[in-house]
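First comes the structure, then the notes that go with it.
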Amino acid sequence: MNSAAFVLISILTLGAALAAATLRKLMHAALCFALTFGGLAMFFLLLGAEFVGLALVFIYVGAVAVLIVFTILLTRRDAVKERRVHWAGAVIAVVAFGTLAWSILRTESVSVVAHRMPSLTVGRIGEALMTGYVWPLQCTGLLLTAALIGALVLVMEEKQ
Amino acid sequence: MTPTLQSFLIISAALFSIGLLAALSRRHAIFILIGIELMLAAANLNFIAFWRFRPQQESPVGVLIALFSIAIAAGEAAVGLALVIAVYRHYRTTNVDQLDQLKG
Amino acid sequence: MSRSIIDHLWLVPAAPFVVSLVILSLANSLRKSAAALAVAGQLAALGMSAVAFLPTLRGDGFRATHNFAWFAFGEQTLRLGFMLDPLGAAMLLMICVVGLCIFVFSVGYMAKDKNFVRFFAYLSFFSGAMLGLVIANSLLLLFIFWELVGLASYLLIGFWIERPGAAEAAKKAFITTRIGDMGFFLGLLWLYDRSGTLLFYDGGRGCLEPAGLAMLGGSATLIALLIFFGAAGKSGQFPLHVWLPDAMEGPTPVSALIHAATMVAAGVFLVARVYPLFSLGALNGVTPSLTVVVWVGVTTALMAALIAIAQTDIKRVLAYSTVSQLGLMMVSLGVGGVAAGIMHLLAHGFFKALLFLGAGSVIHGCHGEQDIRKMGGLRRSMPATFATYAVGMMALSGVPLFFSGGWTKEEMLHVAANWPRSRAPYYLIAIGVILTALYMTRQVIYVFLGSRRAAAEHAHESPPVMTVPLVALAFCSVFFGVVLTPAWPWLHGYLTGESVRFDPARLIQPMFFISLSLVAAGIGLGAWMYRKAGAQDGDRAAEIDPLEYAQPALFRFLANRMWIDELYGRTIVAFAWASARMSDWLDRRFWDGLPRGLGAVGRLLSIFATGVDERGINAGVDETTVGARGLGRLLSLAQAGRIRVYLGVLALGAVALLLLYAWLA
């Protein structure tokens, strides 16, 4: 694993995330959001989960970010002006991060180095999905169907 | 310096905190959704990291979990956005501070 | 035979009682039935009395008793009883005969009265009570009948209820006799306490028998005096005589029956009945209680006779005469002449009733006039009344030989003269005899002799229903003397149980001449003093009485009844009024104030409670609700409705949990 790549990717991802969280203009934030997921996908590639990384790109950048952009465009009647940063939320976020970081650094068992392993093939994932994890697969499918129908119902125009 | 598991975990913790920040400190409803998505992504990163750094074992469990998580997150984002649109249609605003009809 | 008589003796008073109740239930219009029933009841009583009389003729102290238990309290039983002895039987006969004559007379006298029926009911009631009184064997039973008789007297004196004077007189009679009865009752209680029984004769255990008397010891005198107090009230002795003259407010038949012949005689009868109590421990026939009886009797006799001389109401003269005669009877009893006193009582019953009925006839004939100064010359217009009245007057005055009253007066003078203690009563009684003849002569002259005056102008003789009883009573007044003469003292022997024999020589004795001279003196004096009273014409109402002419101050003193009524009015009555006023004040201010004060306290408490309730409790509840509302408002802040707040809280909670896990690990 290349440490330089790690550092670069982490900077990218975290920077984009921060931008997505704090930018005033909504469109810019949405685009940074997409960038964040790009960075995340690179992380996954670095970690050897190529399929998941590419899937992340497809789904998040390709679908969710676009969805968000569409929604922004649809709900744009008046400009939402942000006055100043809500510092209560920042405090909570910092506290949360601090706690997590502290607990992570304190734990001995997680300071391991990656070992070599053969890359995971798509065939193997597919095989696992269809045999051992067929139930979660079907349930997820059902859930997605329900979500689809629900979203449609929510957005449907009321009968006049 | 080789990235250890710890470093990945810290990254994911940071991502999570940023997502939390986004969810708590923005007034726009979509921003809250963005924050939630970020938090979910951080959790996914955690899973993959733990899968990669585990002792010798050939099992795609972490990957699969992350896969399912992504799928569900997408579905949830869709429904959430549909909600935002529906609310916008009714109240003509996406400012969550103005959506306080349930105030006691 | 005598057993069954004594066992059924209670029927004698029961008959008039039952008749009285029946008459009370009759309507006012059924006059004939009422009168018939009353007379029938009296006749029945007379018949039964006659039957009861027969066994007592046996002599030698006949006495039969019938005792029964009335009720028991605890271990003691209260027993009552009836007795039959010569005294009682003689009284029964006298009451029945006199009562019958008066009942018949009343039919005529009260013919125009609208309360005719009620009158006969009361008369029968009285008759029953009086009959019961004389046959009672228990002091308590006697007292019960005593009170009943008093009640009848009250009802009859106040018979004309619309007259305030009658109501006042009835009240006065009742209250005065009540005072006497108080003494009677106290004596009764004391006697019961000491001797344990109230029966007179109870086979040796009675309170008048030696065994019972022995238990009394020294208290016998006081008990006797207390009982005498009651007798004095009923018989109008001084100082309780004031009610008797006022009782003349009642109808004349009432005056005749109750206040001449029978009820007032009850007092004398009582003394005779409980004589063993009075004479206990007598030294030569003298005891302290008997001495008191004598002096009270003497005082009464003399006082009443003096007052009678100056009275102008025909009935008042007779009333005071009754008081005087009763005093005489008491004297006789006191000096030991029980038989003499009782004989006079019986004779007096007949001729006093006769005199009163005669007065009633006169009043009836003069259309209601009662003032003797307005009468006169009735000799010619009311011959039957005059003749019978004259008989009665002579009997009362004590004219001897032909009239019963003469024999009894002689007998009484005789026993008074032989009193070992003192001869003063004898002399005083002698004066009384003179006075009696004097005032009776005066009355006869004023009423019957001389020429007619204002009221007598249109006088007419009374109807036969009224004159026949007069004749009957006159007959009794004369022929009763047959059994009273010393020649053949049958009645004396009957009463005392001694044997008698006919001895004409006994007629002529010193006392005969003494009494004859006294009576002659009295009548002669009266005739001389009032000789002019009947002679002149014209309106004599304004004419001055000769005595008044001679001694105006004395006359006024006597005419106003020696101011005794006024004295009582100033002292006792005034005291009673003052006590009543004070009680009223006390009741209204003090005793009434206490509940009112409590009421005020109650009101105060309620004000306090209201205050506590309103200020304290209500305010507390109000404050609590306000606080609850405030708390609610406070708590509802948590429901901000804002998503960011919810999220913030959620995140905070999650972070806290994280920290907890981190710390625990």
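Here are some notes:
In order of appearance the chains are A, B and C, and numbering begins at 1 in each one.
In the analysis below, contacts are C-beta pairs under 8 Å (C-beta built on N, C-alpha and C of every residue); 3 or more make two chains touch, one makes a residue touch a chain.
Values in this document were obtained by computation on a predicted structure and should not be read as measured data.
Chain-to-chain contact here is organised exhaustively, every possible pair of chains being in touch. Contact tally for B-C versus A-B: the pair with more C-beta pairs in contact is A-B. Chain A and chain C have Cα centroids separated by 132 Å. Between the Cα centres of chain B and chain C there is a gap of 126 Å. With centres set at the average Cα position, the gap from chain A to chain B is 6 Å.
Residues of chain B in contact with at least two other chains: 20, 23-24, 27.
With touch defined as above, residues shared between interfaces to two or more other chains in chain A number as follows: 86, 88-89, 92-93, 96, 100.
For chain C, residues touching at least two other chains, in rising order: 644, 648, 651. Against chain B, in their complex, chain C makes its touches with residues 636-644, 647-648, 651.
Taken together, the chain C residues at the contact with chain A in this complex read 644, 648, 651-652, 654-655, 658-659, 661-662, 665. Listed in rising order, the residues of chain A touching chain C in the complex are 86, 88-89, 92-93, 95-96, 99-100, 102-103, 106. By the touch criterion given at the top, residues 20, 23-24, 27, 29, 32, 96-97, 99-104 of chain B touch chain C in their complex. Residues of chain A that touch chain B in their complex: 1, 3, 6, 10, 13-14, 17-18, 20-22, 26, 29-30, 33, 36-37, 40, 43-44, 47-49, 51-52, 55-56, 59-60, 63-64, 67-68, 71-72, 74-75, 77-78, 80, 82, 85-90, 92-94, 96-97, 100-101, 104-105, 107, 110-115, 117-118, 120, 124-125, 128-129, 133, 136, 140, 143-144, 147-148, 150-152, 154-155.
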